[in-house]
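One structure, as structure tokens, below. Some questions next.
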């Protein structure tokens, strides 16, 4: 029953991505990226990843779309047709895709409860984290306690990116204004 | 193996191919970043779909001891990846804005054309 | 069963809204399609929560409804003003 | 009885949502599409949420569903109105009947 929902949703995602890639108007492509984020958030929700879905909706559909629209307001909004040969990129892409499809033949089935990913580390977190950390949400306890240094690294990455954006846009712009 | 149990992998590969093609074949820089986003999302979908257990519920502890929870580890990894991904997008878009200020265009061909004279 | 029927009935609506977002022709058509699509997503999340007996999903549907509205208004402001209003502040 | 009412509300909600989506794709110009999408979406969303409210029973869940319903009830028409205003300001003209011009 839920297989039908999965297949319909994944097909919608594929169609949206295809349309976003083919769209010449960059505004239209950004709008379709927003729809794509909503769809992927919906798919994460179906797969029980509540926190991921929440983040994807706020970050993907919200912040990314606004950032891209802001960029478009400062640059051009129409894509020019490229006159390059498309054969080499298509060849590379199809070879990569073919290799990956060959790789999926060995992968465990979708939602297989005996897949290796479910047997190794996760049972420990599911059984013990309630007693060890005391937070009902397992994702929170792993993110903030068991893997706290990973999150610290993540914060460092975001800080670096923020500094980069400020250096690229904020400070240079202000100095130009001061000179004029 | 039949096509229903591997359909998610095929959509992941389709998304990956679309994003990869956009990154290497399209000249427009904003389009390249859109391709990068699609590529990223394909990886997210791959990870999250591996964590699903049939009949499982979201990994938030309940009083009932017989509850089956989905695997929380991919959720943690992807939560980090999404936030890092938006930082990357913001940095890339800032670079696009600066390139547009310096060259007056966001098409790769025209940027190469102008670079040839220096 | 009734929730399943509702979810399946929402899919054609999503396909049609996606079609309008792809075809265009104006930017406003696309914004309208995205807005409708967001509403369908909110409904689908709420119904899915009831279908799988995880009623926490309703919280997420609430967030989505707000994000969708704010996103639409932000995009429209962008179309009318041409930016998000920083230029005016700098001029003053 | 409650189940039957919920079925009726959910199905009529789906019907409205589907009609609004068909209007979105079939109508000839922007403003008629906006009419179809704005009206149909809001009514359909409210009917579906009302159907869910009957299933929720008097709990905290009901309060959340009421909140969602109110948000959709207010934001749908507001977004549509803002869209129409932006489209008019952006130079889109409604399609008029030739005889009236």
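Observations on the structure shown:
First chain written, first letter: the chains are A, B, C and D, and each begins at residue 1.
In this section, contacts are C-beta pairs under 8 Å (C-beta built on N, C-alpha and C of every residue); 3 or more make two chains touch, one makes a residue touch a chain.
None of the values given here were measured: they were computed from a predicted structure.
If chain C is ignored, touching splits the remaining chains into A, B | D. No other two chains have as many C-beta pairs in contact as A-B. Each chain gets a centre from the mean of its Cα atoms; for chain B and chain D, those two points are 32 Å apart. With centres set at the average Cα position, the gap from chain A to chain C is 18 Å.
Each chain gets a centre from the mean of its Cα atoms; for chain A and chain B, those two points are 4 Å apart. Counting only residues that touch two or more partner chains, chain A has 48, 50, 70, 74.
Looking at chain C, residues 14, 27, 31, 33, 54, 56 sit in touch with two or more other chains. Judged by the touch criterion defined above, the protein chains form a pattern that is neither an open path, a ring nor a star, and not fully connected either. All chain pairs that count as touching, in label order, are A-B, A-C, B-C, C-D. Residues 2-3, 5-6, 9-10, 12-14, 16-17, 19-20, 26-29, 31-33, 35-36, 39-40, 42-43, 46-47, 50, 55, 58-59, 61-62, 65-66, 68-69, 72-73, 76, 79-80 of chain C are the ones touching chain D in the complex.
Every residue of chain C that touches chain B in the complex is listed here, in rising order: 52, 54, 56. Of all the residues in chain A, the ones that touch chain B in their complex are 3, 6-7, 10-11, 13-14, 17-18, 20-21, 26, 29-30, 33, 36-37, 40, 43-44, 47-52, 55-56, 59-60, 63-64, 67-68, 70-72, 74-76, 79-80, 82, 84, 86, 89-90, 92-94, 96-97, 100-101, 104-105, 107-113, 115, 117-118, 121-122, 125-126, 129-130, 136-139, 142-143, 147, 150-151, 154, 157-158, 160-162, 164-165, 168-169, 172.
The part of chain C that touches chain A in the complex is made up of residues 4, 7-8, 11, 14-15, 18, 21-22, 24, 27, 30-31, 33-34, 37-38, 41, 44-45, 48, 54, 56-57, 60, 63-64, 67, 70-71, 74-75, 78, 82-84. The part of chain B that touches chain A in the complex is made up of residues 1, 4-11, 13-22, 24-28, 30-31, 33-35, 37-38, 41, 44-45, 48-54, 56-61, 69-76, 78-80, 82-91, 93-98, 100, 105-107, 109.
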